[in-house]
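The structure under discussion is supplied below as structure tokens; questions concerning it will follow.
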Amino acid sequence: MNITEVEKLLIEVRDGEKSIEKALNQLKNFPYTDLGFARIDNHREIRTGYPEIIYCAGKTVTQVRDIFHAMLESENNIMGTRANSEMYEAVKSAVPDAIYYPEARIISLQKKNAERPASRIAIITAGTSDIPVAEEAAVTAELLGNNVVRIYDAGVAGIHRLVDKLPEIRSCRVIIVIAGMEGALASVVGGLVDIPVIAVPTSVGYGANFGGISALLAMLTSCSSGVTVVNIDNGFGAGFSASMINRMK
Amino acid sequence: MNITEVEKLLIEVRDGEKSIEKALNQLKNFPYTDLGFARIDNHREIRTGYPEIIYCAGKTVTQVRDIFHAMLESENNIMGTRANSEMYEAVKSAVPDAIYYPEARIISLQKKNAERPASRIAIITAGTSDIPVAEEAAVTAELLGNNVVRIYDAGVAGIHRLVDKLPEIRSCRVIIVIAGMEGALASVVGGLVDIPVIAVPTSVGYGANFGGISALLAMLTSCSSGVTVVNIDNGFGAGFSASMINRMK
Amino acid sequence: MNITEVEKLLIEVRDGEKSIEKALNQLKNFPYTDLGFARIDNHREIRTGYPEIIYCAGKTVTQVRDIFHAMLESENNIMGTRANSEMYEAVKSAVPDAIYYPEARIISLQKKNAERPASRIAIITAGTSDIPVAEEAAVTAELLGNNVVRIYDAGVAGIHRLVDKLPEIRSCRVIIVIAGMEGALASVVGGLVDIPVIAVPTSVGYGANFGGISALLAMLTSCSSGVTVVNIDNGFGAGFSASMINRMK
Amino acid sequence: MNITEVEKLLIEVRDGEKSIEKALNQLKNFPYTDLGFARIDNHREIRTGYPEIIYCAGKTVTQVRDIFHAMLESENNIMGTRANSEMYEAVKSAVPDAIYYPEARIISLQKKNAERPASRIAIITAGTSDIPVAEEAAVTAELLGNNVVRIYDAGVAGIHRLVDKLPEIRSCRVIIVIAGMEGALASVVGGLVDIPVIAVPTSVGYGANFGGISALLAMLTSCSSGVTVVNIDNGFGAGFSASMINRMK
Amino acid sequence: MNITEVEKLLIEVRDGEKSIEKALNQLKNFPYTDLGFARIDNHREIRTGYPEIIYCAGKTVTQVRDIFHAMLESENNIMGTRANSEMYEAVKSAVPDAIYYPEARIISLQKKNAERPASRIAIITAGTSDIPVAEEAAVTAELLGNNVVRIYDAGVAGIHRLVDKLPEIRSCRVIIVIAGMEGALASVVGGLVDIPVIAVPTSVGYGANFGGISALLAMLTSCSSGVTVVNIDNGFGAGFSASMINRMK
Amino acid sequence: MNITEVEKLLIEVRDGEKSIEKALNQLKNFPYTDLGFARIDNHREIRTGYPEIIYCAGKTVTQVRDIFHAMLESENNIMGTRANSEMYEAVKSAVPDAIYYPEARIISLQKKNAERPASRIAIITAGTSDIPVAEEAAVTAELLGNNVVRIYDAGVAGIHRLVDKLPEIRSCRVIIVIAGMEGALASVVGGLVDIPVIAVPTSVGYGANFGGISALLAMLTSCSSGVTVVNIDNGFGAGFSASMINRMK
Amino acid sequence: MNITEVEKLLIEVRDGEKSIEKALNQLKNFPYTDLGFARIDNHREIRTGYPEIIYCAGKTVTQVRDIFHAMLESENNIMGTRANSEMYEAVKSAVPDAIYYPEARIISLQKKNAERPASRIAIITAGTSDIPVAEEAAVTAELLGNNVVRIYDAGVAGIHRLVDKLPEIRSCRVIIVIAGMEGALASVVGGLVDIPVIAVPTSVGYGANFGGISALLAMLTSCSSGVTVVNIDNGFGAGFSASMINRMK
Amino acid sequence: MNITEVEKLLIEVRDGEKSIEKALNQLKNFPYTDLGFARIDNHREIRTGYPEIIYCAGKTVTQVRDIFHAMLESENNIMGTRANSEMYEAVKSAVPDAIYYPEARIISLQKKNAERPASRIAIITAGTSDIPVAEEAAVTAELLGNNVVRIYDAGVAGIHRLVDKLPEIRSCRVIIVIAGMEGALASVVGGLVDIPVIAVPTSVGYGANFGGISALLAMLTSCSSGVTVVNIDNGFGAGFSASMINRMK
């Protein structure tokens, strides 16, 4: 039930088309509808215009398909993250308009497009192996209504690659820096700009990288002011937070 | 050397009061002046109007005093973080206008005040023991030119305390959530608002808190979208990032 | 050797029927075969109300089948945890009355049913991915003779979902809270009720979740009183402890 | 906003006394100020049987004294945990009836005493060094209205010491086991009884004890069913949870 | 080249059948012969009569087969640990007398049998899942010339199972205790006997067991004197050390 | 109550000087006598002739003194480990015959001396900083009735120092190797001898030594067979286990 | 912008050809486009003696092939590390001259060969399982223009194996020591030579080896001077650094 | 026993002057007293160009003084690391020529000075707090006979500071980079030069710095080739290794 539905309910009450009792009962279940195995949060929509987010990784193919199908009637956009292609095939059979971004592992059902502000989000990766996480961030930000500048493979081992792009990076409103291994790129970028930097450590690497811990710790202890951090490989979270900042009025 | 000094230099060159050679030599040392033990970065000022930041924790009382004294001629504001009262006494003897915020452990020399935007930063703590970190964030944000709403001791063990404050919290532009122990407050706040949340884990607690690790991990793995994290006890970093977002145009 | 045997030994010594040397030798093993341990055997008999528990994960299919088969003549119920369907097929061939709960991964052979008390156990999960652990807890509790209330997918990112269910939750005698990622649900529930909460961290998540460590630490450091914790993914242990409390007289 | 207020709102809409727009705005804050949270306030009142708990460790002497003083007019008992003697002296000057339990590090102001149930809580420690944590648990349980049986220094290195006490331990309704080092006592006790065991790891020990981690992990992975765990050194939490179970009706 | 070969060489020198130069050249390569990819240590044999040990886990099937084949001419027994059945098939094709112990994952080529002392080694496991590690220890000890008493599935959750076996356990000269999860069995056994205990933590378990770390830490911090520890799952190491002690004169 | 006291009791029973009832009551409390805060284990004596061991680190000066005093009448030797000089002064005032080994931090009250076997225990340290732990091991072994060979400061950085001592080391029956930092000495010694090696990691070092973890892990993963490990800095445990092996018949 | 451009700017200001405002804007980007970074580009050209390095592990087969193909026209040698045979097949189809070193997992396209200095690099492994990492180091060093001495399977458990090779090892200019498990070989080699030692911990082993951590920590805390460390399994890094040192003039 | 002794032994056997049995016994100790180890002693003599190194941290003031005094007659220089001023006062009383470098915490007794090569070692720190570690490295390198270029406080948060110094850095033969917090400076420097970089993580920082672990991991996982790492705060080790490389011929 979204905001226009609540409005419709109130109009029906006003116009005597719906009894107080029936309206109360409908409102009681207002924040979510029950699918049995998963309670879907429609409430967010009222507050934000954001799409419904489904974290697919811990779910079965059938569960993912059913959740998309159940949401079909809602006016919200729907976004499934950490989705594999098998999930997408299942969703598509039930929801033909769904689109899949394989590198970003996102299934999207876009019902309406938010207006995009002129300001942009820069997404910088240290290496090519960080691109899947970067694409998760980029597609998330784009689906949430943002323009994205992609600058990939600009790690500190070849810091000059970054220098060329500085004017473009500085023209953005928020920066996402994605790096595995020693994660130094976040500090370097943070030291060169005066724009909020959201750092995403990736699990790319081996040995003392420990699945992203070394990059995570490096980013958390960054000497550069203005750097905040999200979970390892959490491209979605970075894209979501960046969108919040970029779409601020 | 700050931006007005560069401007002055260019004017002198234009007016024939300074030779090209002399100007070049001055510009060569442009980004910083050398104090022997510490190279102070004046360069930031040009880009930002932010104060000079001195991390005092790893320095001797004498070093802190000398750095403040050496910066006296600059037009920038100066901020010393993690400063104890002994450091302040030494600084004050050399720089009488310096002010000390004991709970925030910040020494400030404010030469000019930035215009404060109408939008505000909410700072929420889980417990009273988190207040020193919160004050570091709050004073940082205020010195950087922001209005701050303090909501202390509103942890999830008594979640109703938070509910009362929701309208005020939602009226802010960015939220800093500060919590030790299990750090759940960040997730709870993140689930209730559509505003960027910067989470600060604190080392408050004992046992399996492991000096802030439990709160740090909880915040990084928060299920609520829109939450980013800074280092354990890093009130300054949170205040700085929040200021960047709050002062955005 | 029990107390009456010691008495008999002393009488034999007194009456000269047993030499000092022989008596000394018998007493040498005294402390570990005494009353306490004798009582253990009775204790096992008293305990027979409980089912025999077989932890299947570290065993071969053949071992699991054989253990079930060997226990067939006992009057106890039998419960195999962490059992896969292949194990069940093997058990079923030898013990046709065995039942399998696939989501809970439990094989059960119920020979008699305990009387169920009126009081109930609430089982709450943060997400749908936590359901397998929750089902392990729920089926365990049910097989041990308890009524269970399942409230799934009620995590803190949408805390309002929990609020609806509060009256039902509060009507239970003990609560099991199951959550991965930041595990904040345990603290939130613990802050809203005055009922013992058993928290189960799950390995659901990625990155800084570290296989359940973040949830585990968060639950251990919970600011809410009345929360105790079991091992990561240990639905069985939570169900067992909850049953102990719920079936108390 | 509670359910009758929502009903009133709908009636006003129906009767044309409230515009759709105004109603929508009011409903916007609906989920967080609804029945559930209204119930929380009642809930706090019901809850007043419990004392107010103040965690003193992260607070100044002055803060502790002021909190005790401010609560003086409430009808609740007050309990300050992790309090040192200096804090007590300050509290006592403001609240003369306050009592200090130095080994338990608890300041108590008991305004009324709860009726004590006949059932008891057993508190068992592995060594003498675990006694401060045990006393925190014991005094907490006693102040919350329970009878406690103390069995100290009964670790597994001399397991026969435990055997003597088994009848007394088994006569209790809930057991708290407190142990540092390898924490094996929790498993041993758990294997000998059919009563809920709350295990408290302590930071007692050295080397690979790692400030209580070895005992914590051992307790979490206990093979004995019916064992749940609280934070390292968290005698208060164990006493509180044990009291909840022991005082159940 | 073993001790009898050195003796033979010396006899040949004495008898003038071998020149000094030739003898020197032979002795030069005395400690090992070169296989190209692996230098096999024959030297041990001189010192000890122990078999050659091949750790197979990090080797290819071909490498394992070739090493066994190359050693065929030596008089030493050969033992391959952590060997899978595929490796055995390959070895067997080249060395038909090789025997495989599948549960212990050991390939053995026994050329001569050491005389077995009367004293025995007790091997106790906490659960059935620990048996593969126990068998590695047991077969190792037997191949090294020891009699072994196997006592499996006697964990602390059912401590009475252990009590029955105490007289037999106490009659042994050294004890190996093998346990996963909380590893408490080592402390319990250590508290009941005055015989050296070698503890082997196993990776059996899940969650906070962390691949054997909880058992390892518990064993290292055991309160019982006389307990020493080997690596997680290191049945071979425990069997080897126990054999050293048991075969002492 | 020790074995001769039990014998005396039986004689009194035989001779009619003690009633069955009184004898039973005495035997009931057989394993320990209660000091209030600490139950002292006399039971060990019966089994072993080993001294009473008191771990002093977690106790107050008064507690240590009282325990020594209470044990004065027992025939056992008494050994207090991790004792500081203040504890010794207190013990000495109550028990004038007590002796203090300051480097080993051991207080000893030797009532009778065990016969020393001809075989010896070698104690080897990597550096001079490991000596306090080595002395704890050495004094423990000596008080338990063993001859000790001390070889200090023979670390692998100068491996030739070890070579000189090999004949002496090989003449011992068991070896204790004590090393901090990378703990490589245990592997090197283990590779050069065919004697049981008990390795003691020490917390000596800094940085990635992590309080002894690096040495601990290195010793646990030693490639040399015949190496077992005790807790970090646990000189006592090594000395005790070595004594068990050295005094074997 | 380089120094002559700054000079030109100043001249234009002096000559009134450029406004103060325009000059200020140009100078704003001054620090990051200055001499230093201009020099970086020259620096890359100088650097072309080194091959292009492609870390293949995080890339798709197609990406690896395309990168090789795109670089075909460059004069540089190309080296792909962590490449599997499937990647090689793809590369070979596009770049027929590419060569594969399967044990080292390196694809190489050698366009010109550097002159090899007379001095050599010794590569020593503890076991046969360390050979893949050693081969990565060896092939890297050889492709970078060095002669390599391979000494494999010379671990400390049989330290005499190393002794034979000491003269050859000492004749090298730099040593790479590769070891898993306890990593003691680095310390032992470091104690026997006066040549720089680069230590490579490997993930070979099990249990408390923790994927190479034990070897890593042991190498970092090595008591032998002159030992530096690279990441776990990082044969490439060791070979690269050793080449830098060996090819020094 | 060296090779000529073995030859002599064989001749004696041939000539009947030595029995087979006696010869066998002598050969038993052959591998460890052979050529290799004999060579070690010569090797130590060759090595005397290096100073004697005393790690003072784990020693008493008296021990440090006595070691210096005992070494007085040797021709070697002596260097005591991690020495406090109290140790120096004691040393000075016995060895008046000893010199103390308080920031580096080094006591030096320089008897002869090595000839310094023209090439230099650059030592770069990220912050002023890293200077004590840098001075330990610098003084070590100088005492070992090297010229050092100190570049302090050039961290990545202000990367432009580094750029100025690049020509000077590139003119050195080896670089030591010292950084705490995120340790990114090592990667940045490594990406800008083609000179061996020895990275020293420092324990400077707080929170997720974990005593230097974040910097250590970042340096180990550096994407820049040519970077090797020493232990946290190990300025001495870095200076020693750098000297080895810088003084190479």
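Going in written order, the chains are labelled A, B, C, D, E, F, G and H, and every chain counts its residues from 1.
Everything below uses one rule, namely that a residue touches a chain if its C-beta (ideal position, glycine included) is under 8 Å from a C-beta of that chain, and two chains touch if they have at least 3 such contacts.
Values in this document were obtained by computation on a predicted structure and should not be read as measured data.
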> Of the pairs given as A-B, B-G or A-H, which one copies F-G, with over half of its contacts the same by residue number?
Replying inline: A-H
> How would the subunit B/subunit G interface be labelled, same or different, where same requires over half of its residue numbers to be shared?
Replying inline: same
> From the C-alpha centre of subunit B to that of subunit E, how far is it in Å?
Replying inline: 60
>> Just the number, please: Cα centre separation of subunit D and subunit F in whole Å.
In response: 39
> When the centre of a chain is set as the mean of its C-alpha atoms, what distance in Å lies between subunit E and subunit F?
Replying inline: 28
>> Using the touch definition from the top, which residues of subunit A touch two or more other chains?
In response: 31, 43, 47, 127, 159, 192, 207-209, 216, 220-221, 225, 231-232
>> Judged by the touch rule stated earlier, which pairs of chains are there in contact?
In response: A-B, A-C, A-D, A-G, A-H, B-C, B-D, B-G, B-H, C-D, C-E, C-F, D-E, D-F, E-F, E-G, E-H, F-G, F-H, G-H
> Hey, which residues of subunit B end up touching subunit D in the complex?
Replying inline: 127-130, 159-160, 163, 166-167, 180, 192, 204, 206-209
>> Which residues of subunit E touch subunit D once you look at their complex with the stated criterion?
In response: 126-127, 155-159, 181-184, 186-188, 190-192, 205, 207-210, 213-225
>> Looking at the complex, which residues from subunit C come into contact with subunit E?
In response: 29, 32-33, 37, 40-41, 44, 55, 57-59, 63, 201, 203, 211-212, 216, 231-234
>> Looking at the complex, which residues from subunit F come into contact with subunit E?
In response: 44, 47-48, 50, 53, 173, 194-196, 198, 216, 220-221, 225-232, 236-238, 240-241, 244-245, 248
> In their complex, what parts of subunit C are in touch with subunit F?
Replying inline: 3, 6-7, 10-11, 13-14, 16, 20, 23-24, 27-28, 30-31
